[in-house]
Amino acid sequence: MKISIVGATGYAGAELLRLLASHQVAEVKYITSESQPGTAIADIYPHLTRFYPQTLTSLVDLEKLAAESDVIFIGLPHGHAMEVGRKATAINPTIKIIDLGADYRFKNHAVYEEWYKVPHTHREAKTVYGLTELNRSQVREAGIVGNPGCYTTASILALAPLVKNKLVDLTTIIIDAKSGVTGAGRGLNLGSHFSEVFESVKAYNVGGHRHTPEIEEVLGGLAGEELTINFTPHLIPMPRGILSTCYANLKAGVTPEMIDEAYTSQYGNEYFVRLLGRGGYPVTKNTRSSNFCDLGWHIDKRTKRVIAISAIDNLVKGAAGQAIQNMNVMFNIDEKTGLDNAPVYP
Amino acid sequence: MKISIVGATGYAGAELLRLLASHQVAEVKYITSESQPGTAIADIYPHLTRFYPQTLTSLVDLEKLAAESDVIFIGLPHGHAMEVGRKATAINPTIKIIDLGADYRFKNHAVYEEWYKVPHTHREAKTVYGLTELNRSQVREAGIVGNPGCYTTASILALAPLVKNKLVDLTTIIIDAKSGVTGAGRGLNLGSHFSEVFESVKAYNVGGHRHTPEIEEVLGGLAGEELTINFTPHLIPMPRGILSTCYANLKAGVTPEMIDEAYTSQYGNEYFVRLLGRGGYPVTKNTRSSNFCDLGWHIDKRTKRVIAISAIDNLVKGAAGQAIQNMNVMFNIDEKTGLDNAPVYP
Amino acid sequence: MKISIVGATGYAGAELLRLLASHQVAEVKYITSESQPGTAIADIYPHLTRFYPQTLTSLVDLEKLAAESDVIFIGLPHGHAMEVGRKATAINPTIKIIDLGADYRFKNHAVYEEWYKVPHTHREAKTVYGLTELNRSQVREAGIVGNPGCYTTASILALAPLVKNKLVDLTTIIIDAKSGVTGAGRGLNLGSHFSEVFESVKAYNVGGHRHTPEIEEVLGGLAGEELTINFTPHLIPMPRGILSTCYANLKAGVTPEMIDEAYTSQYGNEYFVRLLGRGGYPVTKNTRSSNFCDLGWHIDKRTKRVIAISAIDNLVKGAAGQAIQNMNVMFNIDEKTGLDNAPVYP
Amino acid sequence: MKISIVGATGYAGAELLRLLASHQVAEVKYITSESQPGTAIADIYPHLTRFYPQTLTSLVDLEKLAAESDVIFIGLPHGHAMEVGRKATAINPTIKIIDLGADYRFKNHAVYEEWYKVPHTHREAKTVYGLTELNRSQVREAGIVGNPGCYTTASILALAPLVKNKLVDLTTIIIDAKSGVTGAGRGLNLGSHFSEVFESVKAYNVGGHRHTPEIEEVLGGLAGEELTINFTPHLIPMPRGILSTCYANLKAGVTPEMIDEAYTSQYGNEYFVRLLGRGGYPVTKNTRSSNFCDLGWHIDKRTKRVIAISAIDNLVKGAAGQAIQNMNVMFNIDEKTGLDNAPVYP
């Protein structure tokens, strides 16, 4: 299984490299970067010393890269991945594409274009939304996977059983999410400057974060009807981790046991979803560096609301880990391959 | 103005001492502790070296303490403050009491007893809820002030203009709050152990936090009708700061300008409330070590909700600072006395 | 290969469990705790959910435990491990013991007794000091390994080539070390309380830290003569990581190239020591969660000193990782087994 | 007392503004920035809202600025301050200049030019090195003060009594210093990127940091002979604070009591130096946001070394606070004016 990574110098790319270093089947072939071609991986990410002797190459070699790879992970900014996807599938029609960005996430291209402000140039692509636990069988057959966003993974996993089983009023969904700073990437800006972020918390992009329509499309698909949500992201002074606190009004007649049953039947056999049960409190640190999503839910009898809470590592289950999970599914090998490490705690 | 502090070894007590050290009018007379009587302040809190030569005394001296003090700040666990309050006012009828705990916060003693699991033993006390910006004129006349909780201060300041002006549907209020770890006090437990908290975030006490009924009573008073809210506290890996993200559905016909007007007319002349306006993003760090509350609000047109966000330092505006602000009001001196320092940033 | 862990509820014990979960050969048999027998591992350490269905047992079962185990890791406070070691080897003479504490680290029992204030009760034990890179061949034959302390591992690895090759004046060695807070364990005390440690740094135990005689004995052994050092530990506001900055005066005539050669010949073939070369700057984060020790050295021409700097994860190469490395050596399997993961960064 | 600040957008500039907001005598007149002229202070530093209505001006107004100011604080990069100093003193000969950078720190201009790689263009300036506790009487008469560096303030205060009283061997001085990240400024670079710095520690500039010659010149002056030291800075994952751990060999016959006496006689009457005594452990957090320097010292009998440790807030006693302290001395007002606040803890 030959793998190439296109755009590997961001944190998600580095995390792919970290995880693939322990993957028993995968062999990393090409690693590209347009900003630093010719540089050794270990010069950019010294923690990877001993694992990658390779040097970054430029994408000008796409012909060769696509011909010699079984699967490409794409870690480019949105708008660029679909170009690579279009060309690579033309060169090698059996190649598998897993895009960690937004280009292949939306069924509705108009929504993509509205929120991302670029035209979609690969509309004919047959794509699958790679939230593995929800779409495993389609992922298995997919040629191109749009790997979900970090916030969306945490939020959808928490809400899917409620929405799918029609247990909540769809007009009342509010998602209040808290993310570590790696979600903002390795690019320099004052908002990620150490002394500015440390001992501080803030909300951002209220009502306007691009993960909003992604959550809406997927939950809407599960519900069988369109829905509109509130999604509020917050920046937490830590590098890794997302906690998603999700609120919804219970429909009349819905009992706590029905909620429990919805979670258990959805995730009871899922290795990477650890159910903490009703009253359980996920803690981001318990998932750190792992592909687990920890899930707990609460019923507030006074307000007749359910509060579902999920925790993930945004760089693993929220990006690189789920991408590898999808790859494992696509190649019909054990889904846990390369991902079965215990979280690093504390 | 002679001040005594009863129960001064917690973080709120230490913060009172820090702030009072710069207060031009106040003189600190007695500082008590039942756990460490006879110990020098600077041995417990070395940062206060140069400011307090005093030694902690035991409360057995309450007779003398009450007789020689103009005002007592109480920093005891709930259930104990009302005992001190009852005795001190009996000894010295003109003494002023400012309790940083919950004992004097509730008008409805049954609610207090239900949530705090102790009988209220000072029901005849005439008390004022010390959220200064809302109750300034009553505070001025008060003998006993129940100083608000940290979460409640942040949340009520954010929601008061909306509730008071009947701009939102009262059944839809959800408060998702994020607090630093000093809110959990200086007592030792695994939940405040450095390595457990660091690089981690979690929710706790969903549906059951004791600040819930406090918020409900005060907002209900402003609304003129009872209301029930969701309040979810979260622990953030930082010592100081609270960010309160508050959601509510707009009533039909409410425009963004009406929301703006509600905030401006409520707080336009308030020194300690800094309005960031519609679209503004409060940042806890901008308020650190100060008595300011920063406030911003957002209208989500898609969901017809208002999202109001407030930031405070939980130990200052959420505890010791507001207590001093109340004292200043009670003694008719400039409300900013001892509190007019710029926040420490970064 | 059947493994038991005696005293597993501290951070080093939890780290053993984390690492052993990915070890292809080892099977964890018994996990003991005197404080919480009968509790499920995952209740104490939820991050280990999915990896350990076991429940903690009490040491009253030592007879059975020793009979059914090939190797025992001991994570008990000093003074207790030697009791377990003495009994376990009596029960099962071929059993291997790896003690993560100090009981088996010293050749000179008088030094142990002086610094640890307890009598040594297992003096006849034949033990090897388990700094794998220095004592690999002895470890291979050992029945009992005294696994090195965290500070000592970092410091000795940095200084060994200089001392062994007589390149520095032995009377001038100063070690200034910086450690994360997990080094202080999971026990509750004000010194590990989140809000006290955060945004703060301090030294402690100047001239009196118990890792001092351990470093002196090992370096003295390499030098062939007794030596006395200064060792100053500091507490850094982070959970994991040690940086050891080591100073020594160069002997007359020693050139930079001789220093380089000493490091290269000592560690050039060591997988877990990554040489950053002359002028290199180790960064603790680059080793986080891994068994690597990163090493760099600097020559100050103005003062004729060498400054050698090492970085490790105190819980891995400084405790559990090196313990497993030693076990691999003792059982003649690939030394990297279970330890060949890339560090978690950032 | 009219103050202008030239180059106010860095962290030291912001800290000057924070502290001057509480200064009873000073009035801030002009605040300049070449990068953001025309911008309101509160837009760059929202925490200063309510304290500075001013807008940044450009230095093109230097003529007016110098004529209307009694004192100028300069927060420009080295090489630029001496230009401003030269012109400003020409315009207004009685003006006082306090430069927070390096341009006016060195008596020996050749040393400045060697380490800073720029020609010194204001050699005729009569300057005083503004370590207030050591040079108070000269500061009082000074026209131009070179305000000390942060590392140098901490290190010199710790070592001065030892060097001045000839208690230690001058060839054996080693300073191992640990600094928060604000020392690296507000400029963007990967080395100050949140996720890179968090949970990590490293050394940098071994043998080459520019504070080295500054420490050497001042200590050499106290000793009455030239000396050469080792100075090793480290980056600690916190915004504020410096801990300086200083090692030196005791001269023969020096007793612990002689060391105690040296510290007590030097600093016994200094308000801003808090002596923790022999065996004392300074903690950076105890000085946070304040102008205090906490000092402790240790005698290691085994190695016959003294280890002196100091803690400061690098932005206050290490920059803006000491600048104001110097200004107070220059204008003959109470040295504590504007600086007498208790540290913010925790």
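Per-chain numbering from 1; labels A, B, C and D assigned in written order.
We take it that contacts are C-beta pairs under 8 Å (C-beta built on N, C-alpha and C of every residue); 3 or more make two chains touch, one makes a residue touch a chain.
Predicted model only: the values in this text are computed from it and were never measured.
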| item | value |
| --- | --- |
| Any chain in contact with chain A as well as chain C | B, D |
| Contact-richer chain pair (by C-beta pairs counted) among A-D and B-D | B-D |
| Chain A and chain D, separation of their C-alpha mean positions in angstrom | 46 |
| Inter-chain centre distance, chain A versus chain B - centres from mean C-alpha coordinates, in Å | 39 |
| Centre distance in Å when chain B and chain D are each reduced to the mean of their C-alpha atoms | 37 |
| Sequence positions of chain B contacting 2 or more other chains | 11, 180, 182, 195-196, 198-199, 237-240, 283, 285, 288, 346 |
| Sites on chain A touched by chain D in the complex | 11, 180-182, 186, 188-190, 192-199, 237-239 |
| Chain B residues touching chain A - in the complex, by the definition given at the top | 172, 174, 176, 178, 180, 195-196, 198-204, 206-207, 228-230, 232, 234, 236-241, 243, 245, 247, 281-285, 288, 298-303, 305, 307, 309, 311, 346 |
| Chain B - residues contacting chain D, complex | 11, 14, 17-18, 21-22, 45-51, 182, 198-199, 239-240, 271, 274, 276, 283, 285-290, 292, 294, 340-346 |
